[in-house]
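A, B, C, D, E and F are the chain letters, set down in written order, and residue numbers restart from 1 in every chain.
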Amino acid sequence: MNRIDGRSNDGLRPVSITRHFTRNAQGAVLIEVGNTKVICTAMVEDKVPPFLRGEKKGWVTAEYEMLPSSTGSRKGRDRSRGKIDGRTVEIQRLIGRSLRSVIDMEKLGERTIWIDCDVIQADGGTRTASITGAFVALYDAVTWLMEEEVIDEWPINGYVAATSVGINQNEPIMDLCYEEDSTAEVDMNIVMTDKGEIVEIQGTGEERPFTRDEFQKLMALGEDGVYKLINIQKEALGTL
Amino acid sequence: MNRIDGRSNDGLRPVSITRHFTRNAQGAVLIEVGNTKVICTAMVEDKVPPFLRGEKKGWVTAEYEMLPSSTGSRKGRDRSRGKIDGRTVEIQRLIGRSLRSVIDMEKLGERTIWIDCDVIQADGGTRTASITGAFVALYDAVTWLMEEEVIDEWPINGYVAATSVGINQNEPIMDLCYEEDSTAEVDMNIVMTDKGEIVEIQGTGEERPFTRDEFQKLMALGEDGVYKLINIQKEALGTL
Amino acid sequence: MNRIDGRSNDGLRPVSITRHFTRNAQGAVLIEVGNTKVICTAMVEDKVPPFLRGEKKGWVTAEYEMLPSSTGSRKGRDRSRGKIDGRTVEIQRLIGRSLRSVIDMEKLGERTIWIDCDVIQADGGTRTASITGAFVALYDAVTWLMEEEVIDEWPINGYVAATSVGINQNEPIMDLCYEEDSTAEVDMNIVMTDKGEIVEIQGTGEERPFTRDEFQKLMALGEDGVYKLINIQKEALGTL
Amino acid sequence: MNRIDGRSNDGLRPVSITRHFTRNAQGAVLIEVGNTKVICTAMVEDKVPPFLRGEKKGWVTAEYEMLPSSTGSRKGRDRSRGKIDGRTVEIQRLIGRSLRSVIDMEKLGERTIWIDCDVIQADGGTRTASITGAFVALYDAVTWLMEEEVIDEWPINGYVAATSVGINQNEPIMDLCYEEDSTAEVDMNIVMTDKGEIVEIQGTGEERPFTRDEFQKLMALGEDGVYKLINIQKEALGTL
Amino acid sequence: MNRIDGRSNDGLRPVSITRHFTRNAQGAVLIEVGNTKVICTAMVEDKVPPFLRGEKKGWVTAEYEMLPSSTGSRKGRDRSRGKIDGRTVEIQRLIGRSLRSVIDMEKLGERTIWIDCDVIQADGGTRTASITGAFVALYDAVTWLMEEEVIDEWPINGYVAATSVGINQNEPIMDLCYEEDSTAEVDMNIVMTDKGEIVEIQGTGEERPFTRDEFQKLMALGEDGVYKLINIQKEALGTL
Amino acid sequence: MNRIDGRSNDGLRPVSITRHFTRNAQGAVLIEVGNTKVICTAMVEDKVPPFLRGEKKGWVTAEYEMLPSSTGSRKGRDRSRGKIDGRTVEIQRLIGRSLRSVIDMEKLGERTIWIDCDVIQADGGTRTASITGAFVALYDAVTWLMEEEVIDEWPINGYVAATSVGINQNEPIMDLCYEEDSTAEVDMNIVMTDKGEIVEIQGTGEERPFTRDEFQKLMALGEDGVYKLINIQKEALGTL
């Protein structure tokens, strides 16, 4: 199979991570995965949601939004419709869960880290790019908390990154761009740690169900992609 | 490990499917999985959403809601908050995708089948019970379309059912009840067909990431559960 | 006149009351009046609305909703429209007022009893069936409060039930089904106690105004219906 | 019993009806009932709601609102809460039904008359004052339709007016002001025509249920009040 | 140029200010500017918005709304659309800022004065009429605070009034009515004090940009209009 | 006076305009004014709003939003509150009017240009930076329309740019940063064309009213700033 952009089936698109992209958030990252570009920020707030009050634990929560100009035909703002798009809800819950899986909430203490992922240009894989970029922003915000001596124990247990994999014309491929994604038979998002553990896995066969064998191939592909992404995170953070 | 209700780790709760539970919908099922009880209905509407108009294809869409009295402490209605709960959005999108995977939309023709899953009593696994029950309601609605000679080709390609599996105190268990679910380290929902194909798989390690080995065990458990549930569907439908 | 279902003009439809229909609410009733079926629950919450705080009084409030599949053509959920239907507001306020009229709020103490009436199948008279069923659920919840020794004086002053009456083709009839209701010239709902007192009366002549003589006949009919319904309540509660 | 303002138990407050109060609506009335003041307007729109399209029938619909400064402590605007108050919904539905009962919709033709009742000063009985005033505005709008030769048959079948009656300290009283209303045991609104027919009757015993005998006394009181109000309407319209 | 109503280019329409128009607000004014009629009220509330709590300062805030019948074709209520019209937001923020500019918030103390401007008849210049009328209502409310000895120092620093000016067919004109406003090339609103100071100036050239020379002419015209309006305010207040 | 960042009172902050910042909109500009950074895009849609249908005219409309991480403490998204912030409404209406003033809508033809201004970093003057940047994006979108031969006459009549001016500690200053803006006595936004004509002027004296002399000084300062900004626009567009 010839992929649209000439990549091999198991190839990631070029990934670039720019830290300190804006200056008001404690962590502020621009992540570019091919033509997908997301601003991921992490901001510290000194309180927790009601269900955690008094528990001596922190919280990490995420919001996701696409700028109207991020897509080929203009995407109306959620606020104009007065309700949040179902897909958006799903994505921001996924980002939140993924990041929470590697944070020790007790070490974080009674504070919330707000993650904001704002897509400024979309070309497939915005949710996985958001997770990968948001982890770096979170890392920077936590570093700031340590440097400011707000917390004294490092609460992050591992690196976390994500990629999409899928089946297109019956072949498993890595990191789908928009055009590939819109014709894929099977679409899977894999979130994993640097230790090869699974944080979240979501596979959908909307065009057709898929076999366990196909599933295993996608899994292997995804694992490989996540390792590469975590290397890129480490390079950006200078922790390689 | 001793499970709360004495089940073995790989045991499903008792499942009961009552067809024709109400009389206005073309398909109307009460599914009971242990203490979880969901009314699943399927209603035919003679039009499709805007994005499908003129495409000579049908659509299946789902809504999910919990009655306020379905839970131990009363759950406020979404309409009172003026927005739909994020979890609800996630669940109803999952139900919709799962059912669409086994329907040939061209054979269904330009009409929508509305699936409504209203939980009247909740004890864990409401989303998987909804999928399993909704499939039977959908089957009944499609049978009605055939009998009324609205369509002339059978559009359903396979049976679909779902179960939850999870890891609790490091042991993989089948079909978690609410109490088990709320302490599980890993939670996975598996939607499969009668041919053993995967329709949707969603695994989350919110308490901790999980290994690929754990994943394989959950997968096998889930597959086994789905086969049993499909047998129960067939029995209810008289197609065994 | 020949009624659709062969009843005499002053006949109620068959009524059935099932207590303990679900297990999470302190009172949980399925009431069936002909083909109208409503789940009525009563749940105790240990606080009162802001306007009653510190007043040493309780409160009873009701919500009403129709399941989308309860009607012949699917009824969209209120939450999707982002606002509560005017008719729904009117009905739930009526249910709340009706039940409050027989409760001594001081004996109830600073707590709220939430009544939920969810119509699972509609065939006319859903609001009066809701009141009749909700009273039984309320009775069960209050019994629970006594048994749990949360309160020590019985706060219910009387039985309350409701029926619709109307004028169809110039004849007064009892307990209208949907088809009768939609062609009735005059529609009246009567809520009364076991002592023959009026709790609420709402008569509407949308097709035409009606005379005082017609009014008196409807009133007599309604009173008779309510007495019969209260007998059925007592039978269900074992207090006859 | 001594009423707050010295009235006899069966006395109405002074009523004044000013036509042509503003100039953009076809009917524009300021009605004053004691200290209650409502602007009631009727505006003609050349279309009907969706459910009536093509039926060759007209429609009359009403909206009701209280100005924030109409009450003793400022009443927040419904638009700020993003939803319409339940009481408001109930009232505007009542106004609409009351006026529709005396209009022949076929003679009105495919157009809507919008009634707006905006309370600028509230002292009890705003809903009944609204109905009484709105009828006059409606009459003026219909007269305009005749004069403009938009319609050629007079569609109004009768006069309609409304008053509140109630039981306060066990005595039936006419036309309750706010202070009386807030302590009344029983509250009833009666809408009747000039022929003594009942259009709408709504009686509520929130403080306590009431007997049929009390009911009959309230009914007689209300009928008397409505006749007086219809005389005042006729005087204002010059049709006495 | 011949103006629609025969006025000279620099002529205001007749202005009338009626105090004590309703009786529940501490200040309640009906202002009429030609055919534009606005009820402006000022109500005192004994708390301040969250951002001012504990600051020992007061606040003045304004809401603006047009009655549906105020315009030639009925204007739907904001509450029905579930969101406040952009123009309304702009206007009520302008009214609030204008009045705050002449109030010493420390002397007002920790309380809010709510200004409500409800347009009952619109013919252009409703926002400037609102400011001019609201100032009088505010003055009355402050007088009440002094008389009730709630505050002991007079907090109002100056009179404030507003008028619109514009360019129509290339000529600067004063106080545009609706018909003039809808064809004006340039539209400007000027809010000034009795000392000739500018409180707010908003000029818009939506039809075409305008020169600085035109701007100066409009400015002079507006200043002249505001002085006349302040005289009318003083006459109404008896402070001339 | 010593300004925070050492600028002279009449100095603009450094301004940078990056075209083609993203690739899906026909015009896509990143404008930086000191630390204020806004993404301004222009997207063409082939229809006009309802009020213009059939008029053979185009439309330009604008939306404005601040990213949550653009400010020092995180700004919640409008969509979460379910309503658009009043300040946001005001700003986006201003941007729309400003751009419309230099477009010949007939030459644009029946299409809409959507302007989106998304602030990614805020340090005062976001609305004026939005106008200045959005003009360049609009220019690029119109160039695209010409190149694609969608339109054949150039519809832009002039350049438009904007700056804020204000009075801080009684001195008129140019282009206020956030810290200056929050303590300014007077705040004015000036939108002008390259011909020195005024498009929009909004001056507010919330801290205190201001004199006509102060006004003239601000006006001169603003005019000077706009000329400099238009030069920067021309340089970016290569039209100097």
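Annotations
FYI, a contact is a pair of C-beta atoms (placed from the backbone, for glycine too) under 8 Å apart; a residue touches a chain by one contact, two chains touch by 3 or more.
If you're wondering where the values come from, they're calculated on a predicted model, not measured in any experiment.
Among the remaining chains, those touching chain A as well as chain E are F.
The minimal number of chain-to-chain contact steps leading from chain B to chain E is 3.
The most distant chain from chain F, with centres taken as the mean of CA atoms, is C. Comparing the contact residues of chain C and chain D by number shows a mostly shared set, over half of all numbers used being common to the two copies.
The chain with its Cα centre farthest from the Cα centre of chain A is D. In this assembly, the C-alpha centroid of chain D lies 33 Å from the C-alpha centroid of chain E.
Once the centre of each chain is set as its mean CA position, chain C and chain E turn out to be 51 Å apart. Rounded to whole angstrom, the centroid-to-centroid distance between chain A and chain B, based on C-alpha atoms, equals 27 Å. Shown for chain E are the residues that touch two or more other chains, namely 82-84. With chain A taken as the origin and chain F fixing the direction of travel, the chains line up round the ring as A, F, E, D, C, B. Partner chain A is touched in their complex by these residues of chain B: 83-84, 86-87, 89-90, 92-93, 97, 100-102, 158, 192-193, 195-206, 208-212, 215, 219, 223.
Here chain C touches chain B in the complex through residues 22-25, 28, 35, 37, 39, 41, 43, 45, 63, 65, 67-74, 77-80, 82-84, 114, 116, 118, 120-122, going by the rule given at the top.
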